[in-house]
């Protein structure tokens, strides 16, 4: 992956930060399995499984910790 | 999801912070599986399974770390 | 849950902090499954399973990180 | 459990800190399953299972983070 | 492994930091199973399994926390 | 275990820090299962299983967070 997809961890709002956390979580998957077709086929496996969704939410939570710290928690 | 659901990480009390952590945890699921009907069908799967509930509590704990830090632990 | 159960993260001693971490971990479960009867029925499932107990201890450890930081690690 | 088992997070050395992390991890289990006989019976389940041992080591690692921070990483 | 593969945690950009997090995650595997042929054989097991990919992404997220902190979150 | 195996968290380089993180992860296992023969027998179980290797890498990542913080991320 030679394209630039992560130029900064700074976002305007916490919500954009949360969405960036989702991007990071997906990129972590995509670096491990770059074949988009395979990823597409796996989608029903986890999106219809409660424990898989909880696990996905956990990765997002961990990445959100990083992004929130980077943004000083968007304190004013 | 274009609505604003996360404008700030700051809450009045630790308990509100904990409840915001629950919101973040659920949003992490919902971004991955946006179909509310599917989510509804999955509910009995995890809400009646001890390990699934522990996993859910873990995601909340991780998000609560972020929110508690954002609020300087509500120290006076 | 409209009652106040978490007014502060500050405790007198590390041990009270650890016990508060247990409370947070249980509350994380209870917000997800509020039916006390269901929770009661699930108890034997995890309290007699080594991996479930390890998982429970992990959630407590994560919540204890938050509480210990809030209390500046009870340093004198 | 009304006895005092955690009076301080401060230890002389990193190794004592690591051992305290083990104590915290076990206490997390014991608060959830206080019956020592049950715990004794479960021992072979996890002590002979590679994944259970990795999971146990993870809880210790999380608690060690807390204790290491409390001790300012035993820097001189 | 006597070669030098980790001379610094500092990177130019967040994206390079994320890629270093992937390197750390793979090295963690490789120290545990140094046989490259075995690792090669295991590849299809996790790269075609949704939960395994989520787990891989989680390890990356944890290592990225470390690297992001090391780089002061690439704040300017 | 009465021998001294962890006198300091400080290392010369990040790579030595990573290797110390591996030591901590293994010690976490060994304190739980001190019988070296049992550990030896379990080795094939996890070293040939993709998910077990990811889990091992995760424990290393958590311990590396601690060690990296202790060393101020080896910033110059």
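Labels for the chains are A, B, C, D, E and F, by order of writing; each one numbers its residues from 1.
Basically, a residue touches a chain if its C-beta (ideal position, glycine included) is under 8 Å from a C-beta of that chain, and two chains touch if they have at least 3 such contacts.
None of the values given here were measured: they were computed from a predicted structure.
Colleague: Using the touch definition up top, find the fewest steps from subunit A to subunit E.
Modeller: Steps on the shortest route: 1.
Colleague: From the C-alpha centre of subunit B to that of subunit C, how far is it in Å?
Modeller: Whole-Å distance between the two chain centres: 15.
Colleague: Roughly how many whole angstrom separate the Cα centroids of subunit B and subunit F?
Modeller: 31
Colleague: Residue numbers in subunit D touching 2 or more other chains?
Modeller: Residues 46, 51, 55-56, 58, 62, 65, 69.
Colleague: Just say which it is for the chain contacts: an open line, a closed ring, a star, complete, or other.
Modeller: Here the contact pattern is a ring, one closed loop where every chain has two partners.
Colleague: How would you write out the ring of chains in order, opening with subunit E and then subunit F?
Modeller: Following the touches around from subunit E to subunit F and onward: E, F, D, C, B, A.
Colleague: Going by the contact rule at the top, pick out the subunit D residues touching subunit C in the complex.
Modeller: 4-10, 24-29, 31-33, 38, 42-43, 45-46, 51-52, 55-56, 58-59, 62-63, 65-66, 69-70
Colleague: Note which residues of subunit E are touching subunit A in the complex, please.
Modeller: Within the complex, subunit E contacts subunit A at residues 13-15, 18-19, 22, 46-51, 53-58, 60-62, 64-65, 68-69, 73-75.
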